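Look for chain A in each of the two complexes below; its partner is chain B in the first and chain C in the second.
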Partner chain A sequence: MGAGHGHVLYRESTSPVHRLPPEVKIVAMVVFTIAVVATPRAAFWAFGAYALLVAAVAALARVGPRWLLSRALIELPFVLFAVALPFLGTGERVEVLGLRLSEDGLHGAWNILAKGTLGVLASLLLAATTTTRDLIVGLDRLHCPQVLTQIATFMLRYLDVLVGEARRMRVARISRGDDPRFLWQLRGFAAGIGALFLRAFERGERVYLAMLSRGYTGRMPAVWQGDGAATAGQWLVAATVPVVAAAIAATAVVLT
Partner chain B sequence: MIGVVQTALSLDVRGVRYAYPDGHVALHGVDLTVPRGDRVALLGPNGAGKTTLVLHLNGILTPTEGSVRVGGLAVTPDRATLAEVRRRVGIVFQDPDDQLFLPTVAEDVAFGPANLGLRGAELAVRVDEALAAVGMSEHRARAPQHLSFGQRRRVAVATVLAMHPEILVLDEPSSNLDPAARRELAEILRGLPVTLLMVTHDLPYAAELCDRSVILDGGRIVADAPTLDLLGNETLLARHRLELPYGFTPQP
Partner chain C sequence: MHISNGIIDGPVAAVFAALALAALTACVLRGRRDLDDRLAPMAGLVAAFIFAVQMLNFPIFTAGVSGHLLGGALAAMLVGPWVGALCVAVVLVVQALIFGDGGVAMLGLNITNMALLGTAAAYLLIAVLLRVLPRTRAGLAVTAFVAALLSVVVASQGFVVEYWLGGTTDLGGNLAGLAGTMAGVHLLIGIGEGLITATTVLTVAKVRPDLVYALRALPTPAVPAVGVSGGVR
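Now for the complex of A and B:
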């Protein structure tokens, strides 16, 4: 869809991972993440194995490490407080580079950092190999409640329209000399947000009228749902990743 | 004979009166007939009640008094009738972004016929023929927001053509189009084998496409005549806030 247009996360390619139906990739990603989260934090070798698994899938999907790691930076604000844990933690202290740090805190920080990073990498791989549209189709095939997939569909369609409206309103504001440089000058911007909300609301009403006019009765017809749904073979292929991850997690639980 | 005459009307609006819940009367007894295969322009200034009338044609609004018949079928508010009426009346709304709400062109064109219960190959045929009719076949997999405005309006026409309507109702079809897109749309509309009701205040476009025009003002039909006769009557146009563009003289 929309070939030639910029995607932030999706990488156009025909790799084996790209060609898998979206629903199996979603399930694989979720199971993988659960396995990572369930792994005891002291089983360091297990996290190494997960990282290898992610690297293998990335190589198969022809997604480069630079691309992955630069986008994984998004987790930084969320894991920042992990850095504070070794200093704030209680319990036994260990000497690291001349600093006396809490051992428990170090473990806690490692736990958040490792699991968070692996989860983000897995999600990025899913996003890099699946278009947003396919993600919604996949969720639909997994019998995700239709209300949710419909909201996601509308968001996908109208985000550009809304962003365009917001941009035009901003240009119109600036053209009339608005230049909010201080917090107390934000009145115009705030009123713009309000106007944008009202416009979106009114558009919603018009879209609904247009849908009614084409015979909408409250349920979306499941038109393309059947097309290209995953075969048993594809499920098996995609199952390798979560199965290996689950095995690693189980071994780690048993060993520690 | 009478039976034949009745079914030969795509649209038969009789004495339709409509008052909004707040008491404001938008339509004061509108009579309008459109024979099958005709192209009629519905002219009128802003606030004349044009959109209100259009929403009566497929039962979204129910008249306070009077009746609407589409291809002989009376519009009543029960589910089965409404479904059939909404198949017969294809409304193309003014803003294609309101009409095209799904992520790809093909999905949106399939929405209407799928609501009619079509599936599989039958549905695919409908989508293909509707997109071909507006010359948009090669854009079927694209996202509506990535099309030009003129292309989006053509897809909007296709979304209702796919339902095989008895009558196509277009709300301001020429608005926001550049001259070339305007001409392309006119060529497409002229080639469609359907009855057409075009709501507009673009008088040259009405003259280009429709032999007959009606003027709606203040909730009443105030004129119903060949388009060129109406456009030649400057006093009548001026009385209803309609004007020809500067330098335009209607010619047969």
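Now for the complex of A and C:
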């Protein structure tokens, strides 16, 4: 079955990080992110240390800095909120480049920028080293409720199909003279979304019937979960990143 | 309008994560009642649909937030509030884990705003408006438009409440300004969301009215199976 292999962010490789079982990578990524978020914002050195940790994992996974940084730009709209904080914040004002800015606000902006960026880089590293199928297997082994992993499986399996259908409908619409500028195209565009829903829903009904005729009873077969769950050694290897991050966070909390 | 790491502090994020988990459990139980063993494939395809639709962005520049079709109101209208919220939540989890949209530590907050608040507000409005408004295509269009518009604004105000509870930078009196800015910006996004949602729902209601969850609950069919052309332009 060709389903669920790779996705736009996956980087084919056989690096040590790629070969780790998915569940340990998910746990490492989540614990790392929580450690970063729990770090006091004034401990600037701690964020430098986190960045070094991310760089080390990226080097080990053979993910280049250019790829990582250009993909990290997707967070830009999410951290623009940070830009407003120095103007909106209260308390002490400081003079920066002729602007009177809130000191608290500047710290807040730094906080969002640093933690947001580190979080995005950690997600990107997980995405670059784990196929979507492995991700679902990992979530399943972590005892994520099966109904959620099943929905996610079907979603990822059919996402490309639906995106392809949407693209074909757009080409068909444009080639029949629809002007693709936003306000003009709204009606044709929205009717296309309606058609896309009908196709998605009817495809869902067909998939369900196909599953039923192959003996589906509401639970996925055991073979679906795959074998080769993480060994204690692999857990230990992957634990280095979150343990170091937690140590940095704890030191930062004690020092500030 | 995904919240990124560091905007809201840890304890508040943890409380909302617990809240989101409890609400999603309820959604799974009620979703099974709507779809029984069809839940996984059907909800999966609807989630793929929402994910595909969300790839269309409306950019905004004032807040730490990007706008696109949230799809919460559309999902509530077409597959009901329980399955709808579940689908939007699964989309958000996958986006956070492998696309880096919104912080992983902020997942509970993002699910609460977009999957729970947005869908719940939309469905409450749909339930009320469909009973009050005339049962015509125009009535259905107005219902979908208003529900989608207000669900976006409600979801953005969820962020303001969360910021008030655990924002990492004290905005003092400017919190009201934040609420106003968020409401204003999302009102504009909501108009786009409303127009697209209304047209989409009309399209589906014309071809397969039996697939529109919100219409199934009504005693008599609201929309004739073969409608006249027209509606929202």
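Throughout what follows, the second predicted complex is superposed on the first by the 241 of 256 C-alpha atoms of A that agree within 3 Å, B and C clash if a C-alpha of one lies under 4 Å from a C-alpha of the other, contacts with A are read in each partner's own complex, and residues count from 1 in each chain.
Just so it is clear, a contact is a pair of C-beta atoms (placed from the backbone, for glycine too) under 8 Å apart; a residue touches a chain by one contact, two chains touch by 3 or more.
Everything numeric here is computed off the predicted structure, so don't read it as measured data.
Of the two partner chains placed by superposition, only chain B is touched by A:G215; chain C is not.
In the overlay built on the shared chain, the residue A:R187 is in contact with chain C alone; chain B does not reach it. Once the two complexes are overlaid on the shared chain, A:Q234 sits clear of chain B and of chain C alike. Contact with neither chain B nor chain C is seen for A:S15 once the two complexes are overlaid on the shared chain.
In the superposition on chain A, contact of A:R157 is made with both chain B and chain C. Of the two partner chains, neither chain B nor chain C is touched by A:T251.
In the superposition on chain A, A:R203 contacts both chain B and chain C. Of the two partner chains placed around the shared chain by superposition, chain C is the only one that A:A72 touches, whereas chain B remains out of contact. More chain A residues lie in contact with C than with the other chain of the pair chain B and chain C.
With the contact threshold set out at the top, residues 153-154, 156-158, 161, 203, 207, 211, 216-217 of chain A are in contact with chain B in one structure and with chain C in the other. Against chain B, in their complex, chain A makes its touches with residues 1-3, 5, 133, 136, 153-154, 156-158, 160-161, 203, 206-207, 209-217, 221, 223-224. Residues of chain B that touch chain A in their complex: 55, 58, 60, 79, 83, 86-87, 89, 91, 93, 95, 97-104, 107, 110-112, 114-116, 119, 123, 141-146, 159-160, 163. Remark: chain C residues 2-7, 10, 13, 24, 28, 32, 36-49, 51-53, 55, 59-66, 74, 78, 86-87, 90-91, 93-94, 96-105, 168-174, 177-178, 195-204, 207-208, 211, 232-233 touch chain A in the complex.
Residue ranges on chain A touching chain C, taken from their complex, read 7, 9, 26, 29-30, 33-34, 36-38, 41, 71-72, 74-75, 77-82, 84-85, 88-91, 104-105, 107-109, 111-116, 118-120, 122-124, 126-127, 130, 132, 135, 145, 147-148, 150-159, 161-163, 166, 186-187, 189-191, 193-198, 200-201, 203-205, 207-208, 211, 216-218.
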